[in-house]
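Letters are used for the chains, namely A, B and C, taken in the order the chains are written, and counting of residues starts over at 1 for each.
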Amino acid sequence: MQNDLIIAGFGGQGVLLIGKMLAYAGMADGKEVSWLPSYGPEMRGGTCNCTVVIADRPVGSPVVERPWVAMVMNLPSLEKYEEMVKPGGLLLVNTSLINREVRRTDVRVVKVPANEIANRLGNPRAANMVALGAYLGATRAVSLAAVEGLVRETFAGKAKVIDSNLAALQEGYALGEREAADGKVVPQEVGA
Amino acid sequence: MVETVVFARPQALAPVPTHYCPGCTHGVIHRLVAEVLDELGLAQRTVGIAPVGCSVLAYNYFSTDFHEAAHGRAPAVATGVKRARPDLIVFAYQGDGDLASIGMAEIVHCANRGEKITVVFVNNAIYGMTGGQMAPTTLPGQVATTCPLGRDVSLAGYPIRVAELLATLRTPAFVARAAVHTPLHAVTAKEMLRRAFRYQAEGTCFSLVEVLSTCPTNWGMPPVEATEWVEKNMVPYYPLGVFKTPEGVDRAPRPAPAEEG
Amino acid sequence: MAKKLMKGCEAIGEAAIKAGCKLFFGYPITPQNEIPEYMAHRLPQVGGTFVQAESEVAASNMIYGAAGSGERVFTSSSSPGISLMQEGISYIAGSELPVVIVNIMRAGPGLGGILPSQSDYFQATKGGGHGDYRLLVLAPWSVQEAADLVQDAFDLADYYRNPVMVLGDGLIGQMMEPVEFRAERTPCKPLSPKAWAATGCNGDRPTNIINSLFLDPEVLERHNQKLKAKYDLMVRDEVRCAAYGTDRPYEVLIVAYGTVARVCSTALDDLREDGVGAALFRPITLFPFPYAELRAAAETARAVLVVELSTGQMIEDVRLALEGSRPIHFLGRQGGMLISPEAVAERVNAICAGLRAEVRHG
C-alpha cells in the first residue's frame, strides 16, 4: 500500500512544513517515507510544492508524476495539479483562496476553507494545519496522534501556538472525516 | 489639454517585472543605471555583463546587449568586450559575493589595468541567491547561515571595504560609494553613476560605484526596517563618498610620499 | 541508533562527521548549500573547522593542503563549482592525497539550471581535470545509501590515497528520508598511519613533500604507471553494483544509477503487474564500472534500456560492457526535467512490442 501526495501553495503557507510533518509521522507509525521539495527560483516568493510518499515497503520513485492526492492551497496550484491527479484520486482544495470549482469529475474533492477556519481560531498562520487535518481525516494516511505529537514538538515552549495549531488540526480532521462519512471520500487504500 | 509625462520607465530598462524580493533595492539600482544610460545617450552602444548572484538575470531587465559571466569573472568578460570594441560602453553589474569573494582577483586586476569600463558593485552584506550565507562584506557580528553565531572577525576577518581597497591602486580611476535607502541617497547615487559612465564615455579611466543595498529576505526583517538597518549599521562601516578621481581626489590611506616611487 | 528523518545534504554532512572528518572547505552553490551550512553548524560542536572559501578554485586548493597534512577532509559542490575545482582535484590526484568530494549534480552546460541532472558522468569518471588520473566514483540512490557511501568514501580515499567522488543529483541532496547511522562502524578498508603526510619532520625522519611536479619525463612516466597500477587495483577490488528482478525471466534489462534507478525500480513493479519481463541493473561504483557484472546480467535479456538524466553518457560504458551483443536503447531527459516511472514503463513496453514484431517478421 502506498500513499502519495503533492502539497502545493505559495511560499510562506507552510506547505513544506506539513509535508515534513506527514513524513515524520509516517516514520513514527513505522512506515517507509520520502519527502521531496520543489526547489529553485520558485522558492523566492512564488509557488512551492513537495511530494510525500508513505508506504509499507521501501519507497521506489520519490518523484510522482500522477499523485493519488493533491492538496492545493492556492489557485496557481489547482491550475497546475488538477489534471495530474490519478482518476479516482483526491483533490483537497483550500476554498479560502480558490474561488473556482474543480473541473475534473473523476476525482473526489474535499473543500476546506482553511484560512477562514484558521482566522476564526485566532491563528491565521495555521491554515496549513487545517488542511493537513482535513487530509488526515479524509484518508487516515497516518495517525492524528502522531501529528499532534509533532505539533507539540515543533512549537515546543510556545503554548499558545501549540493550542491554536492543535485546534486547527483537529477542526480540519473533523471536516475531513465528515466529508468521508458523507460518502464523498472513502478512507483510502491507495496504490498497490 | 497637453499631457506631460513626468515619470516613466527609462528606455534602457526592459518592460518586464523583476524576480527580486519585496523591499530589495536591486530594482532601484537597475533603474538609476538605466536613467543614466538614457540621459547620457549611451544605451544604444552599451553592453552589460551580468554576474552570478541575485542579479544573475539582469540581462532580462535592461534593454541593452548583455553577456552572462561565470561567477566572479564579469570584469574579465568586460575586459574582453572593451578591448575588442573600445567604442562600446561596457558595464559589469556585480554583487558582493561575486565581486569581493570569488571575483576579487578579477576586479583588482581589471581596475589595476585601468580598463575603461564601469562596475556597479551592489553591496548588501550577504549572499542572497544561495540563501543568506556570509559575504566578504557581512558586518562583524552579523548572523548568516554560515556564521550562525554572527561573523567572528577573529576567524573570518573584517568585512572588506572594496571602494577603499581599490582606491589604493595607483592606476587612475573613479571610485565612489553611494546608497539608495532614501530618495536623497538615491539622487546622489545617480550622480555618482553619471560621473562613472561619463568618465568611461570620455575614455578617461576605470570607474566603480559601490552601492549599499538591502536584503530584507536574508537579513530577516521587513523592508522598512531593512532601510533603517542600512543607515544604522552599514553606513557607519561603509562611509559614503568619492574615494578616488582621475583628477587626483584620493581619500585612501597611503604610505608616506617618500615610499611612493 | 534510531532512524532519523534527514535531508540528503544533511545526512551527507553527518556521515562525514561520523567518518571522523573535521575539516570542510567549500563555496555556496545551489542545490547543495545545506551541506556547507550543516558543516558550519556541526563542525565547531565536534572541534572541527569550517572555512567558506572565496571560490571553488580556492576551496579545491585548501583541501589539497589539508589532505597533505594527513587529516580527513571533505568538500562539496555542484556541477559548475566542481568544474572550478578540477584544478585542485588534478593536483590532489597527482600528489596522491585522500579527499572526499561530493558533487550534487545540476543541469548544464555552462550556468545551466539548478535542477537535478546526471550530466557530469563523463567529468567524474573519465578525468575532469588535466592529466592522466581517475577518481573513485560512488553513486547513491537513497539518502541512507548516500550516508553509507560517504563514510566508505573516506576509507577508500585513505586506503588508495586517491580522491573519491560521491556523485549524487539534486534529488538526493534535497529529499528527506529516514537514515540510520551505525553506532560502531568498522572501516571498509584496512587503514594505516599516514607516514607520508607533511606535518613537520622534526629532524627525526626524511622530509615529506607533497608534490605533483616531475620534470624528468622518465620519472613522471614511472609516476603515471604507479597511478595506473593503483587504478587497476580499484578495478579488481572495488566494483559495486546491484540487480533487481533478475531472479525471474526478463526480456529487457534496464540500466540506471542514482535516483533514476529508484524511478526505474517503481517502473519495474508496474511492468511486473502487467506481466512484462524486465529487470534492473544498477552500477553503484561508476569508476570502476561493473563491466563484467553487467555483461552477465544482460546475457538472458533480449534488449537493454539505458535511462539517464543526460543526453547519454553512461551508455558509452554500457556499450563497452556489451560489445555489441545486445541492442541498446536510450531514454534520457535533460535540463533538470525528470523521468517518471510511467515513461520508463512505456518505453520498455515499446521495446517489447518491437521484439515481438521482429519475431513475427523474422
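A few remarks follow.
As a convention for this text, a contact is a pair of C-beta atoms (placed from the backbone, for glycine too) under 8 Å apart; a residue touches a chain by one contact, two chains touch by 3 or more.
Note that the structure is a prediction, hence the values are computed from the model and not measured.
By the count of C-beta pairs in contact, the leading chain pair is A-C. Geometrically, the chain at the heart of the complex, using CA-atom means, is C.
Comparing mean CA positions across the assembly, the chain most remote from chain C is B.
Centre to centre, using the average C-alpha position, chain A and chain C are separated by 35 Å.
Chain B has its Cα centroid 44 Å from the Cα centroid of chain A. Centre-to-centre separation between chain B and chain C, using Cα means, comes to 39 Å. Within chain B, not a single residue touches two or more of the remaining chains.
Each of the following residues of chain C touches two or more other chains: 30.
In chain A, the positions touching at least two other chains are 41.
The touching residues of chain C, counted against chain A in their complex, run 3, 5, 30-31, 113-115, 170-171, 174-178, 259, 262-263, 265-267, 269, 273, 338-343. Touching chain C in their complex are the following residues of chain A: 20, 23-24, 27, 32-37, 39-41, 59-63, 65-66, 192. Looking at the complex, you find that chain C touches chain B at residues 27-30, 33, 36-37, 40-41, 50, 52, 54-57, 80, 111. The part of chain B that touches chain C in the complex is made up of residues 52, 56, 68, 70-72, 97, 101-102, 104, 127, 129-131, 133-134, 136, 145-148, 156.
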